[in-house]
């Protein structure tokens, strides 16, 4: 690409500065704007990047005809407004996860991007980690055999959020990982949760996804756990993966374990000898330790350059939001299954 | 007690020999009969206890007027028949878990025992472990504050059962622990499961219990996990327990962690500073390492001697069976909540 | 082999019954005698094997012309007397570790066995575990590259011995493992220890072995550790092994880690870039879980049948005793290096 | 204190910027100078602190009559020259660990500071961590009973140093911890090491300290370990501590374990029943998580303000250097014990 892509970042809170730093370090990008409503924060972050223009009004940023792309790192409630305005102004857009607060908003943004021929990407950061990319590679090579289940636990003594519950806070991570690794659409969601701190804001939740066969996915999210656990089991008929994100380096373990089932004529008597468990070596692959966000920014920029869809496009964001919305509905109904389409 | 209680054990498979050994080692008991349909097994086990009479016909055992009590360690499908016959023959009865295959059977046995003035006990072994008794003691002293949730994971690459699914196989452990420690009756059960090996026999299941307030209990049972996990979180408003049964000695950890919530007038602005997390020391109490089954047998014998209800009586067994039955119904309905009573 | 080898076991304490059981289960052997000074113990163990003759006098056992072989599982102080008498009586001999209390005794027994054409074997049990055999296999294939060091920690809150110190109690395990895996003779021993419980009986000791190059071996033995650790590091220039015997199944981990050193002309300036650390996958091989003692007995019997030296022969036992003796000397001198030969 | 203490920092490499940041954040200090030979590094670090003067010549810094104190974070070989010049210029001095390259240098600096009435402090950072201060507090309260041994392992796949060996690189941490916690002077050092990468630079070393009684201290330092271990055992007659610095929060565990010894008349027969092991609860105290270096800087500043000796004064630095020097001598002699004084 001959010319650098000019990027503006809206939101300088917790995640914004990381996006800014990664765009600055990427040769294909030129950070041209940073924007935040809070003047002090804008000043503090901006000081490190004197070459970027600053504004508290995102309209000013979008009005710059030389600006190619916008990254939005603001609270989820504002994603729709900012992304819509950016797309209407003809900018490519990268949005923090969760994509939007509703399916309707997500679909609207996807439509806008399509009609404008613009790149719309959601920052599902975990999809770009060395661990998840290695898992995807193993699954794609068919090493696990037929996938049986996906079980994820993401719990700790977390910072209590006042605007979203534990599902909207933590589930985007695991749902985007599952969406990427498994690549299948669930049929129904059953979710249960409970509020121990503030009425109406669940701090513990269990989310279950059903598919059109025996594959099953389950998630435990919790802000009130005495111990920190971030562990995902991905079981296949031939091998099984344990992904433990707390482990400093050995995050992915591939177990050469499985179950072999053979059904023959005389099932009644012969059954027990026909189901056999197999257990072999464990393999702990070395992982790429590059910061995931570096890959996120690179993917956004090269999708723009190559005029293609990014790996985690608006549709990926929509799939996750659809599950979040359904989980919320199921929780509100006391655990009734919610069918998806 | 002047005279020893005479005990007969029906079933010499996996668990029966452990019961036999513990009755033999208990001064208050006299092992007078052992019974098994399989002649070879009967011979093998019986050789070690030449003083006990052997029979393949439990009717012969029950016909012995000098026999006081019977312990039943056979497959669950036969519990009802054997226990009913024993109670009708005027014997005190100890039954392996799960108590029965249905609520109806359990209620029938409880009625029989009451009318006969007989002790009816269910061998909820875990209730008698040093770990669970220590947890009960901590909860009873109120050290955890208000109970918030109970979360249990019991998974491993297990032996596939052909007669029962993973819920009937593993859940009796955790449900009886919860029943004992928490001492509350759930309002509804939501359960989901999946069959990967044999149609109709779930090898993975998630069971959720709702109560009349925000307390929530959740269980993950799994025969197809690459790793063995036996961990229960019991969270209270003041302290939290992690019970890890894999740990050789440090099974119970008490975390001085909690959340403090204060609501004041101006909730909107002040909220975030009013929810504060507290984190302090961790305490790992020393546990009684006596074999739990020794306590089970002692409790059975002293309940007979003292003509009182045992700790895990028929009602405790019934409460667990009620949950198992409801979980099965919920799984069959694709995760619909099943209300209890 | 047409005829079964008749075996007598002397010593029915802690380890003897395990030997007896394994000889009974081996088709090539016939347990014909068991011997113990303690009548009660002899009776208790003997009851299970009514076909074996019993005696409290080992002379009676050795006088049986039909007896082929003797296994000695008595306190170390008596090994020499019993083994010498057995060899003189023309019996093949298997001795518990440590082989003898001195180099002189060990050499004497080796000479006796050679002159009599008899098998003399030392029960270095760990050498026959699945873990150590897998490690040996990896080392022999050259997968570790050049061996750099061997570091072993064997500590716990142990049972205090009144006849031997912690070195004679625990070191035979690790020294025999090192002897088998590394297959090299040390040049010198430096050992330090301390007595906290009983004067003259060290309960903590550090033993260091030097070789004729930069390879180094170090051992930490301790009866007064609050935690149980059994971990050995075996580092090579290409790969490194961590052998953790506490792990229930994943005892051996092979790290694809190493250091690459290149020396070029301009060492001063270029050095740092020339030493490069390499880190790759971790591999956890599945291990044979057969009881090690089964292999011990099989090796003893087949060495007798094939008239060959067993894997852990008298020489192997002597090499370990030589190190134990030197370590004791070094400790007594306050850590002075003791040269071997 | 009415006036702020003016501080200059010499050395802007790995550690210097941390010192600078902590002095800037301390109200009692005023960062007035930063100094580094490397112009680029000086510029990079200096940009963040525009109020501090910069120089590549430490002489210029020392010539500033308004400068009160100097912190030296340069390679150990230069500590003596810089500290001596600073003390001669009448500045208070904080030196990185290890203090100096020799006992002679350390004694010289101590003399200079004393004659000048200046504060001389060594940055034994670990002494100021929450973990080590908690351990010190427990030991001082006598909770461990009589101290029996100190055993420390500090190993990992480390960055190979070209100027110092693994002892000079890693031992200052553990020796300063032991010096602080135990507070006793060893009588002799036995050390062994080996060079696998570069001749003359040990990458693995074992260091043993003897005292005038049965207390013993041992250290394992290693740059070539496949796994990272930072664990210290501190055993007392009544309780034992395991300090695991890898643990994110539960670094200190206090085991209520010990051994009780009673000697009575008839030792021979009664001995075994008189040594009894006691095992009780484990306690994991909450630790202060303040950055240790914040305490280091505060201690330096308040020692200056209060005209008193700091906790880790020149004498503490000297005691550690004396052990490093003796360990080096012992290694060079092939493990000969080196007596101290």
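Labels A, B, C and D are assigned to the chains in the order they are written; within every chain, residues are numbered from 1.
Please note the rule applied: a residue touches a chain if its C-beta (ideal position, glycine included) is under 8 Å from a C-beta of that chain, and two chains touch if they have at least 3 such contacts.
Quick caveat, the model's predicted, so the values are computed rather than measured.
In terms of the distance between Cα centroids, subunit B is separated most widely from D. Distance between subunit B and subunit C, defined via averaged C-alpha coordinates, is recorded as 44 Å. Centre-to-centre, using mean CA coordinates, subunit C is 40 Å away from subunit D. Among the residues of subunit D, those in touch with two or more other chains are 279.
Pairwise chain contacts in this structure: A-B, A-C, B-D, C-D.
Every residue of subunit D that touches subunit C in the complex is listed here, in rising order: 148-149, 151, 153, 157, 160, 162, 188, 190, 192-198, 204, 206, 208, 210, 214-216, 218, 220, 222, 224-227, 233, 235, 237, 240-242, 253, 255, 257, 259, 261, 271-272, 275, 277, 279, 334-337. For subunit D in complex with subunit B, the touching residues are 250, 256, 279-286.
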